[in-house]
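To start, I am sharing the structure in question, which I have written as structure tokens.
By written order: A, B, C, D and E. Residues from 1 in each chain.
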Amino acid sequence: MRTVFLRSWKVRIGLAVLVFFLLLAVFGPWLTHSVFGLDPRANDTSAISQSPGDGHPLGTNQYGQDMLAQVVAGARGSMYVGVLGAVVGTAIAILVGVPAGFYGGKVDTALNFVTNLFLVMPTLPLVMIVAGYLQGTGLTTIALIIGFFGWSGGARTLRAQAMSIANRDFVRAMRMLGERGRRLVFAEVLPHLTGLIASMFLHAMIGAVMAEAGLAFLGISDSSSISWGTMIQGAQQQSAVLRGLWWWFVPPGLCIALIGTAAALVNFGIDELANPKLRAARPATVRRTKQLARTGGAA
Amino acid sequence: MTAIAASAAPAAGRRLRIPRRWGFLLRRLGFYLAATWSAITLNFFLPRMMPGDPSAAIVEKLQAVSGQQMSPSAMESVQKVFGNPHANIFRQYVDYLVQLAHFDLGISISNYPTPVTSLLRQGLPWTMLLVGVTTVIAFVLGTGIGAMAGWKAGSRFDAIVSPLTTFVSAVPYFWMALVGLWFFAFQLDWFPLSGGYDADLSIGFSPSFVLSVLHYGALPAATIVFSAFGGWLLGMRNMTVTTVREDYVLLAQAKGLSGRRVMLRYAARNAVLPNFTGFTLALGHVVGGALLTEVVFNYPGIGYLLYTSLQQRDYPVMQGVFFLITLTVLLANLLADSVYVLLDPRIREGG
Amino acid sequence: MSKPAIETGSTDNASTDTASADSTSTATRRARTAKDPKNPKAAKDRHPEEPAHTPEYVLEARDVSKHFTVRGALGRTTVVHAVEDATVRLKPGQILALVGESGSGKTTLARMLARFHEPTSGEIVLRGEAVSRSGRARRGYHSEVQLIFQDPFGSLNPMHRVRYNLDRALRLHHRHLTAAEREERTTQLLERVSLTPAAEFAAKFPHELSGGQRQRVVIARALAVEPKVLLGDEPISMLDVSIRLEMLNLLQRLRTEDGLALLYITHDIASARYLCDDIAVMYAGQMVESGPKEAVIASPQHPYTKLLIESSPDPERGVGDREAFFAGADELGEPPSLIDPPTGCRFHPRCPFAMKECGEQAPPRAELGDGHWAKCWLHARGRAGELADTTHAAATAARREALQGAS
Amino acid sequence: MTVHAEKPLQPMIPAGQAVLDVRGLTVEYATGAEPVRACTDISFTLRRGEILGVAGESGSGKSTLITALTRLQRPPAVTTGGEILFHGRDGAKPVDLVTLDGRQLRRYRWTALSIVLQSAMDALNPVMRIGAQFADVLRAHDRTLGKRAAWARAEELLALVGISADRVRDYPHQLSGGMRQRAAIALALACRPELVVMDEPTTAVDVVMQRQILAQVLRLRRELGFAVVFVTHDLSLLLELADRIAVMYAGRIVEVGEAAAIYGAPKHPYTQGLRDSFPPLHAPLRDLHGIPGTPPDLRRPPAGCPFHPRCARRTDGCDERLPLLLPVGRDAGHEAACLLNETDGDHGGETR
Amino acid sequence: KGGTAAAGGGSKGSGTLVFGKTDGGTTFIRNFNVFGPAIQKSPNAEMIYETLARVDYSDGAKVKPWLAKSLEFDPTGTTLTITLRTDVTFSDGKPMTADDVAFSLNLPLKDPSFNLGGTTYDRVTKKDGSTVVVHWPHPAFSELSQLASAQVPVVPAHIWSGKDLKSWTNPDPVGTGPFALDRFAAQQITLRARTDYWGGRFAVKQLKIIPTNGDALRAQLVRADVDWALAAWGNGEQEYAAKDPRHHLYQKYATGGAYSMFYNSARAPFDDVHLRRALAMTIPRKDIVTTLQRPGTEAGPTGLVDEIYRDVILPEYRGKVQAVDPAAAQKELALSGYQVKGGKLVKDGKSYSPKLSFNQDFGWDPYANMMTRSWEQHLGIKVKTVGAPGANLYEQQQTGAFDLTISTSGGAGVAGVYSALSSRAFRPLGQTAATNFGRWKDTATDAAITKLLSSDDPAVTKSAGEQLQRVVAEQVPFSPIYNSYWFVLINAQHWTGWPTPDHFSYVPFPGLGPDTTLTLLNLKQATT
């Protein structure tokens, strides 16, 4: 199973990129600081809006801050929001969706109502309003808000899945053996949802990174901490795009796109794992088939 | 005897069908009413739970301009205009409900004394136009290409389109919009930089005005479509790949139908069902979804209104916009429920 | 392989053993004689010399009915009369086959017996005591009654190794066992279902096993509980033909060794005949006939049973005579709706022998000796002999001619 | 009541003429590093109006064979060898279906060969009315046919399998399982094919319905004269139904012959085992054991005769030499692939 | 060619001037209720409604008459006699009378929620047809600028009287101004020049106001789609002006105010003057203006801007650049008695970790960041930056819930700049203060302010002003960082005759009503 998963180039590339950014988020700031001696907040007033070159590999912004150090520091901020937001969102989705699907009945009715409610609530405006009201919205607050308003879709899928699994024979069989309650959920049902949850988590993570960037773009984020979102916002505020300071806004945007692509690629793999029909549609498989048809067999 | 047994049961079933379908709709309606009520209540309590009351913003403004301490009487008069935060909360709530029942969303603070409803009325058509049209275009385009990629899964077309789309849909929307703006409007000067129409023309259905609307809307629309169609495409591709391997598609091919017909009537028709749910949900988010677009392109819609009201802490407008968005989402959901029933006979006939 | 009691299953023996309706069947006798080292207590409980008038059924379903209320997507609610007034009795060591067409409620009945569904009416009786509905009682109940599902892949969690499945069962039902003892039991269990070398199989995941092996694991897991009754809901229908027999033989062996009672649900009358002692036939949620297997198969006393047996493929029946054999079979009519079941005898719309009363009133139960009974008006009207004289197809043809002649 | 729908038909085609000639058909799945051979060197001849039964365990390649015959396989399945010669009704030169491309194939689909799949629920488009699915194919092959006429024809076809005409406007899910299966059979006959391929068409229905469906198939064949390839794992059913039976094991045909011969005198130990896996319904019961062991993994087929690891009568050469499918026994056209037969021509017949 | 259609069409030689409005959102709301407390009204209403006076920033921010012919205080400074011009008519043809003026000035008195101009007089009476008397409860020599506020315009009594200002949006404005509303569309307001304006005739026949944003504006200016706009353009000298020095004008006019850091002097640790000085000395003003790309605009120590108050500023402070002076700062820190431990300020066993609150809406983070880094580097003090949305920050400032905060200082005239330090505006911590956020309370300051306000005598006001300069520079109740400016962007391709910062008698800044009028009056159509 694992090998099937890793055999796809999409998954391998996706995982590699994700791991790279995770490492960057964890060790990057330390690396840029102690190895290259770069400080994302330092203002080099002798190099304002300098294009990539000596001393500043990725150039500087209008405040003379080193863009490389900023991108690296932004990785930490963005990934932090992404991971925390996804953890919160996924956790709520699991806590709401799985019991609803597994137990059914009144529990389901109540939880499902809440889910549907959050599903029809327009999230972005709501997040904006709530975040706007809160003062000094730090990245943690932003992440929590994003997580809190972004779980409903996942909960709905999980509910449907949990419901179908609760009716699968092996759950019935274990129940008949006398397995009960939490153990039934954790040992029998949840493992079957890991793929789904993993894919949900990745979705939620990129969703949170994007949402933070969007909120930052609208000016609702913690502009005193560095994230790719606040970088783009800063660039936008100083019209970096129209002034041609591409090294200010291109790297953070690309990083977000890269992470998003990576997460989507890994999700491809997870989907293929869950749905073998998709595996048959891999270009590699098709290519091999064509080749086989041409050569006329292994014999 | 075959016929007797076969026709008896369904005939009995059919007789009962119509009144019960109403029951279903009524139950859904019940949910929507409950949801609306929750949204309204949330809308009411949210600002009241947050620090600062609505009249604070205006007091701030007044004092900032005069540079003088506000007299208690002046404070009172402002609170009279914007509601006294210290009044009984239940009374306020009832007043609020009564207000809403009259479609009175209050008075904008930053545009005092313009009613919120007239602000909404000014922005709504533009948002509906821009985002509504682009949502449909993105859906049609994404689903169409997705069906094609899924149909020829593993082909070169698929091998190029799918990863590319993955990347495109991962690019932050506003970022893409900024770059698009810079390139097409600033560098190439093909499209206007901001606004929704040529303001020199009088608003109406004259050809030149419609043309200007198209011209102004082209770039924002293109960027929305560009960033939104990827999701549909990938979803549709995967659904098609799955559907194509269903027996009924196999059988359709065995029947010797033309490839087009098999793809459209058999594969795509079935694969599009899950996507369709998403589509109606997306339609619901038309009003609220265009926020970033409208900000980037200075488009005169609801999203921009929300953005400015947020910047100016214009609570009544924020609440009004939120209320409007919630309403449209609920309406779209109701519509989705009803239309889905039409699209999928299995649900329609209650199988 | 142990020696299955094939001879005793032959016609002569069966009829001698089931001399009276209430006397114990071959199975009981066999169970009594079987040595049962693992269940001394159970053996003691059985009051071996109890007189015949208090039949010692381990498990009974008394007049159980199950109605499902189904809510359609549009909110339409309908009631499915899945099982209606069915009675099933299992004695220790007895194998009862439950046959009937698809949708006749066999699974529903089994699930009521396994207590996945509560009966709408009627009661489930375990060793003479009606079982309560509480959760605690349910666990106790399941230590005596275990269900084996149709699909062995579906009933094993693909995430867990074989060992986990057995270990959990032991841990839940034999709390006093130490880990080492459980390990030992696991090995024993696997060996009993002929999964050797046990250690190797214990470490496998379900997907590494073939269908037959999986089903053995399922059976071993059920056995770990040391139940008195196994309910098999088409336990072999998903298996390859070539290994079905092995499973049947295994079940047969378990019954002989442990005195297990087994309810064997199947479509396949031939396999029912191979395995069981008695057969019960269901149609449209109702029991229509029951009795010793050879009696039922050789001389079915209900038109539906007759149809069923005639429809079952039987290679012996002469390969050449195909056209005659299939003649008339394409006019069998549709199975009845359980939402709106036919009045009277539920088989009457498809029955070539149908009379006026068949459509009006449910037929009474006719006792035919040897515990064989059928619910059909033919018996009450003295026309039972017609059943043996003709085939279903011939009767249908004759009836059609009569009808056309009349009109 | 179903008889009236039939129109006068063309005279029965004399049996004996081949309609399909399969020669050395090999199908592989291009998965993993090594392709999996699901069908190896399959050869048989199907005569007009004949029912050929194909039996075999799960995974023996029956469905693979079916999709290869009908040229419906999808990646990763590839036909890597052999030919499928189709003899048209008009006596024209036979065509090799393997060499045709999609466009050329469409000419033959449904008018020459049609298919019935295992589960009719899955085989009928859930969002199209039954009638539309008939009209669809009718009009695709007869462009002159009007919409109304096509629906009328659909009603006729449904009547043929005993489904009343008013069901033509129903959706598949509104029919019962048996009705759906019969509708699928009616659909297969819509364009009067010469050959209908059926992949386990009755496993999802119970015995009574199965009998009903098979009886209809037989009746329709008598009336319309098509040939049938009938795939199932239920040998006992084939014995009653088929004219000839081919037994597959691990992607190969191990024995083929008249149904009576297969039942009465199976020449391959696997066939014997398979036959003895079915307990009798009326004859005295015996101790039966089926075939112990599991079928081989096609990714790593055993050397020599693929059945030898499970064979109770294997001899020295079995694990080395692949036995050829050779004529055996007294009956014409009875062939088996077993070394026992090669060394000792008079081997069978002793099994009972 | 698309983008040009919006504005360019009209500006090509047809007497039209296009003004790009950057801070008004993307649509305009038709609301000419000029007295109303709306933050966003229809823009440039000061082209339609005029004030009695104007502040002349080219002349030390002095208040000069505009619609008034003369403004004269009595010796006590409590009664002002306004003599009106007689040639002024409203755009509906009716002449402006003393009744109109009295009516207008009375509006804020009638309902304080319409006192957006912050007027402090308590009585207005009409004396005769062309004279109106305004009475203050205290000497108001320095409060005359109230009458120059665009929020206190003269409106026609015959239209406004009887209107409920709480619901009336005055959709068809009638005023005395040089322009009248021609057409109102949500994305463009067209004003038409009056031919009967009292001040003269305009070459500009039509003024179009279009909403735009910073990014779009740059392109529109370069393409001359917009002739005139107000926006800061970082490095605009090179990126804009240098590209076409003849037409591309990027001008800065000092407002007389500055961005300053305010200390909360009502609580520890910033009740300590040495600490205040230490921080003030290590604000990296030069770096900040460098990254702002406005070199040379560091604020002096007094809170008075050289460009405007050059004559008033004490010689020792005139033109003084406050460079970072670590040595002096450390000396002050030592004097304060506070010790720095682990970035915290410690004294008497108490430790403080101060916070710098700033307005996040303006993107001020980088500058806050520079300041805190400088303090940490030079003094070792770790100050935390907390950005807050505008409204939240304001609440903190009003209630004194901050340690250090950034706000603007300044106002019209010397008195305007310093009046916020008066103890009259002092409120205890926790109570809402309208000004004097830093809770400055100092008897010397109060005395000087009283002198300043109650006297008309230049000598007295000069010495009071000098006294206050010393207080600010030495006691540091707040510390100015950089000067504020009005940034004007012009493309002179269609219109010439713009003033320049070196030589101007009015600021070409719409919003300063009369100055706009003066600007427009002097514009000439460019001869291509």
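One rule holds for everything that comes next: a contact is a pair of C-beta atoms (placed from the backbone, for glycine too) under 8 Å apart; a residue touches a chain by one contact, two chains touch by 3 or more.
Note that the structure is predicted; figures quoted are calculated from it, not measured.
Student: What are the mutual neighbours of subunit B and subunit C in this structure?
Tutor: A, D
Student: Could you work out how many touching-chain steps separate subunit A from subunit E at minimum?
Tutor: 1
Student: With contacts counted as defined, which of the two, B-E or B-D, has more C-beta pairs across the interface?
Tutor: Greater number of contacting C-beta pairs: B-E.
Student: Of all the other chains, whose mean CA position lies farthest from subunit B?
Tutor: It is C whose centre lies farthest from that of subunit B.
Student: Where the CA atoms of subunit A average out and where those of subunit D average out, how many Å apart are those spots?
Tutor: Centres of subunit A and subunit D (C-alpha means) sit 50 Å apart.
Student: Taking the mean of the C-alpha atoms as each chain's centre, how many Å separate subunit A from subunit B?
Tutor: The answer is 23 Å.
Student: Just curious, how far off is subunit D from subunit C if you go by their C-alpha centres, in Å?
Tutor: For subunit C versus subunit D, the centre distance works out to 32 Å.
Student: Residue numbers in subunit E touching 2 or more other chains?
Tutor: 215, 219, 361, 389, 392
Student: Residues of subunit B touching 2+ other chains?
Tutor: Counting only residues that touch two or more other chains, subunit B contributes 1-2, 6, 51, 154, 181, 186, 245, 311, 313, 346, 351.
Student: Listing for subunit C: what residues touch at least two other chains?
Tutor: In subunit C, residues 331, 334 touch at least two other chains, as defined above.
Student: State the interface residues of subunit A toward subunit E in the complex, per the touch definition above.
Tutor: Going through subunit A, the ones touching subunit E are 41-43, 45, 48-49, 62-65, 132, 135-136, 219, 222-224, 233-234, 236-239, 241-243.
Student: Show me the residue ranges of subunit C that touch subunit A in the complex, using the header's touch definition.
Tutor: My answer: residues 114, 116, 135, 139, 142-143, 146-147, 149, 151, 154-160, 168-169, 172-173, 218, 221, 225.
Student: If you look only at subunit C, which of its residues touch subunit D in the complex?
Tutor: Touching subunit D: residues 1, 4, 6, 9-10, 101-102, 210-213, 240-246, 248-249, 267-271, 273-274, 297-298, 307-317, 319-320, 322-323, 325-332, 334-335 of subunit C.
Student: State the interface residues of subunit D toward subunit C in the complex, per the touch definition above.
Tutor: Those in contact with subunit C are residues 1-2, 57-58, 162, 176-179, 205-216, 218-219, 233-237, 239-241, 259-260, 263-264, 273-275, 277-292, 294-295.
Student: In the complex of these two chains, what residues of subunit E are touching subunit A?
Tutor: 214-215, 218-219, 234-235, 239, 286-287, 290-291, 293, 360-361, 363, 365-366, 368-370, 373, 385-389, 392
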